[in-house]
Amino acid sequence: MRRTFVLLLVVMLIACASVAQDNWYPSRWGADDQRGAANRITPAKVLEAKNLITRGQTYQLGRVYETGMPIFGTRHFSLRIPKMFGPNGTNQMYYHDEIISAELGQVGTQFDGLGHVGIGDLFYNGNRERDFAKAEGLTKLGIENVGALVTRGVLVDVAAFKGRPMLDGGYEITRADVEGALQKQNVTIRAGDIVLFHTGWGSLWMKDNARFTQNAPGIGVGAAQYLVEREIVMAGSDTWAVEVVPNPDSSLAFPVHQLFIPRNGIYIFENLATEELARDSAYEFAFMFAPLRLKGATGSPGNPLAIR
Amino acid sequence: MRRTFVLLLVVMLIACASVAQDNWYPSRWGADDQRGAANRITPAKVLEAKNLITRGQTYQLGRVYETGMPIFGTRHFSLRIPKMFGPNGTNQMYYHDEIISAELGQVGTQFDGLGHVGIGDLFYNGNRERDFAKAEGLTKLGIENVGALVTRGVLVDVAAFKGRPMLDGGYEITRADVEGALQKQNVTIRAGDIVLFHTGWGSLWMKDNARFTQNAPGIGVGAAQYLVEREIVMAGSDTWAVEVVPNPDSSLAFPVHQLFIPRNGIYIFENLATEELARDSAYEFAFMFAPLRLKGATGSPGNPLAIR
Amino acid sequence: MRRTFVLLLVVMLIACASVAQDNWYPSRWGADDQRGAANRITPAKVLEAKNLITRGQTYQLGRVYETGMPIFGTRHFSLRIPKMFGPNGTNQMYYHDEIISAELGQVGTQFDGLGHVGIGDLFYNGNRERDFAKAEGLTKLGIENVGALVTRGVLVDVAAFKGRPMLDGGYEITRADVEGALQKQNVTIRAGDIVLFHTGWGSLWMKDNARFTQNAPGIGVGAAQYLVEREIVMAGSDTWAVEVVPNPDSSLAFPVHQLFIPRNGIYIFENLATEELARDSAYEFAFMFAPLRLKGATGSPGNPLAIR
Amino acid sequence: MRRTFVLLLVVMLIACASVAQDNWYPSRWGADDQRGAANRITPAKVLEAKNLITRGQTYQLGRVYETGMPIFGTRHFSLRIPKMFGPNGTNQMYYHDEIISAELGQVGTQFDGLGHVGIGDLFYNGNRERDFAKAEGLTKLGIENVGALVTRGVLVDVAAFKGRPMLDGGYEITRADVEGALQKQNVTIRAGDIVLFHTGWGSLWMKDNARFTQNAPGIGVGAAQYLVEREIVMAGSDTWAVEVVPNPDSSLAFPVHQLFIPRNGIYIFENLATEELARDSAYEFAFMFAPLRLKGATGSPGNPLAIR
């Protein structure tokens, strides 16, 4: 028994050491940073976004949160309207509120923060799970640290590039797809941008939920690496994972999540409504979002805006 | 017993008839409208907002949602981090999510929708409670109908106007206060604007929660009527009610809520962090917010942005 | 408009009057009673139950509450284990708890209280919905009033009587079925008893949830009337409604619920695990249950016991 | 960095080894057991309990669950009644349910299961936290394994023994107190019993919640060891911890919880309503309880019964 334990420790030691060799932390924004690629958003980027607003047209990119929406695993979303409160005063004041219970930052349209995904038990900036992940909230990397994301947004319409209304489930968007689509759209990705991928998969939302969640088209590791090199802030899509599911390398589970979030501090926004942007060929726009400041949460629900 | 019932019905009849004489519905945007004053936001207003962005500076107006924050009545907010999920794949993918239970659109920084407040059982556009307020969500006036609020924002720093860091609890901001503060600030309110009031009361947040919720400074019916005439979209403040509590007329309960929401379709945003705008004398700015599209909800949490 | 309103009131008046003619309230236990048929349980019934305990054998009648169990409509059940709390003290005290969100008295094994079901807006003892059903809990008829149900229990194995492992979905258990099964079992129902029906339908639980909830065998109005005449306290079954669904009279929705709960103060216990009692031909037993004292709730989860 | 890590591992190794020397696992019911002291309840104990029922008198030992009840730390309890569902059918079927969100097995009257408390990361039977404590529920030691607790119950009225209506907060009930009270009451504790302590502290419930939760009288390690030797199944009390808080040894946090739950598989039932038993000098009774079968939960709410 004691011997087994020592052996186990040695194995752990080697495993930990080999992960550490990777040198993916500390982050480029310092060992104490909690904002990751949000640091790339400067006043200049805000002004760059502003200059893309020429028509006064807004797009809501958030989907409706409702009972029965596609949901991952055993997560849930419940909303109820209690009995009306009141009357109060001679003015017959009555009011309603709502009761919501959910894995709120991880259902429906959802923004993944830096505390969401780990490599083993290591998270962004090498934070170890047991050191910051507490029952009452993450004591580091909580979504309340992200702040405002007002920057240039780019839509990459891969479905259009492939000449299809919808990519197949499990289709890997490659680096070549991204470069090809951008060239076709005559748009480039710049440092500090957020990048949205339109795959058409979102057309299944609330139409064929079983198919929607079964798998998904999305970017693979190659395309993700391209985005890392471009120094983006965030990638989003009209699918539930942004990245391709299942990964073509069946031994890997959500490797793009790991490449983006812990390794590079890049955020992911899932289940966005990209169809109107695609319809309007709106490839450049001002992007506006600030996560709910849920103390110690791993993500945030949202209704981000594209404006042009 | 039967006689009492008939009498009761007659009384109800008279009461209903007298409320109806008021003629506050249908709304100016038609009997079927569900967006209220959000209809005032046109592409021109979006461009007007855009033109206020000159520095690339953003302000988060949302407070942190956390256990123990000031909360109204018996509402609650609970956040927990479950055990980590994983590992998945040879890449040792682990992940966290969060469980939140709350009266979500009506705790912390909160945006009141058109289904929140009624006059008797009548809501915006004369919708009767029993016709649209269902257990699984409002079938009309749900927050998912509001859409993007991108428009010019004005801060009215009443605390500064009064030469005080914080107004007293129960202080009624009058029409004269609003006009005086605007004149001092050299700013006017235009149709389609959103208007924020800085009272200093927000400095009590998480510092003296008992005092924060006990009462509050805020606009009275006079100031509110002034804003209705200016055709604003939304009023917000650094207090939990925006309006003065208790109302100086002790027979009235939240009369400004009724004047704004059911009667005029004007939205209310409570518990905003206005202190940085006040500190910077940022009296005009682009305001950006879109409620979470919570189907059938009465309100939305939020982290709205001011940009200049 | 006004004329329509008057007409509506007259129709309401007639409707209400005709319901009232029914004379199903006040209850036989007085106009203020909140316990209904639980009043039938006397010390003598407790002793009668005691005398049925001869072997010291206990049966748990509650099913396991778990994510994915059959559930009615859009109700939900969510359980999560947060991160461990601790360590505290030199003794390395760590602890876990659980977060549960659910329509708790109305999911899984569930005991329906007197505030659960109405006839129009009238509930047990003629209580009008708007008078006692408040957002923060029922102010009358809450489940906390029921108290201990320790009494004689009778199992009616209708499946065995029909010579089948499981009755068909939609099969109505008739008065003749009940009388026949009791005669076959050589058991009678006495005043103050609780009565359980074994239909075999429970064998679908977590095996074929879609079929389980689609419809169900159960008692019809005739059998229910028989039980009312026998002056029972509660009826239960291994189905989700106890009564037959759909009712053979397709114009009626859950008429047995109305007959039992508001009209006669008789309780209903759904989704019980009756299979072990049936296997052992345990037709008489001591029944032990006390609802959770959830203030103002409409029902209670439970794990009632049969002992013999 | 690497050196620190090795050092840390060595320290862990020593720490773990020293804990292991303790030999408190495997349990006396085998290394795979998940029921602990519930194994002590035999048909003979059920019959022993039955024979204590001589009057047909029942006592509910559960307190009312309500918003505002005393609660530990940042746990919560929320109950709301949604809008009524219906009407369905010509029979005007309407119904209510309730939404509850809570740390359900660990608020109010609560029964602690074997997965609740650990010594370091080791739980009952040496189960290691990371091996069985999963986000979706404990995969071992879940409360659904406990089963029926029908056995002899003994009340130890320490308040009466001390001649006081209520013991002081922080008063340690000693072995001598237990022995003295039992002698005064002329009752002995037998193997397989459950034992309840009346301290009078429950009189503060909903009267002075702040004082109730601040500290508590309760059994110390000495008295607990006495109960372990008597081979009881469960200990309960009218306080929120059963054991004395704070422990007189200020370096220890809830040591009785550790002695009972992981080391001896003995259950704890907190916040019981013992005052009526004490009033009636009901020192022996049949105790009846079965936890809700919440899959993978650490505890259960309850309304246990004492019958005599």
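By letter and in written order, the chains are A, B, C and D; residue numbering begins at 1 in each of them.
FYI, contacts are C-beta pairs under 8 Å (C-beta built on N, C-alpha and C of every residue); 3 or more make two chains touch, one makes a residue touch a chain.
Predicted model only: the values in this text are computed from it and were never measured.
The fewest steps needed to get from chain A to chain C, moving only between touching chains, is 1. Centroids built from CA atoms put chain D at 42 Å from chain A. Separating the CA-averaged centres of chain C and chain D is a span of 28 Å.
Within chain A, residues 67, 74, 78, 80-84, 99, 101, 133-136 each touch two or more of the remaining chains.
Viewed as a network of touching protein chains, the structure reduces to a complete graph with every chain in contact with every other. Residue ranges of chain C in contact with chain B, taken from their complex: 1-2, 5-6, 9, 12-13, 16-17, 20, 74, 78, 80-83, 99, 101, 136.
On chain B, the positions that touch chain D within their shared complex are 67-68, 74, 76, 78, 82-85, 101, 133-135. Within the complex, the chain A residues that touch chain B are 42-47, 50, 53, 55-60, 62-67, 75, 79-81, 84, 86-106, 109, 115-121, 129, 133-138, 144, 147-148, 150, 247, 251-255, 257-258, 288, 290-299, 301-305, 307.
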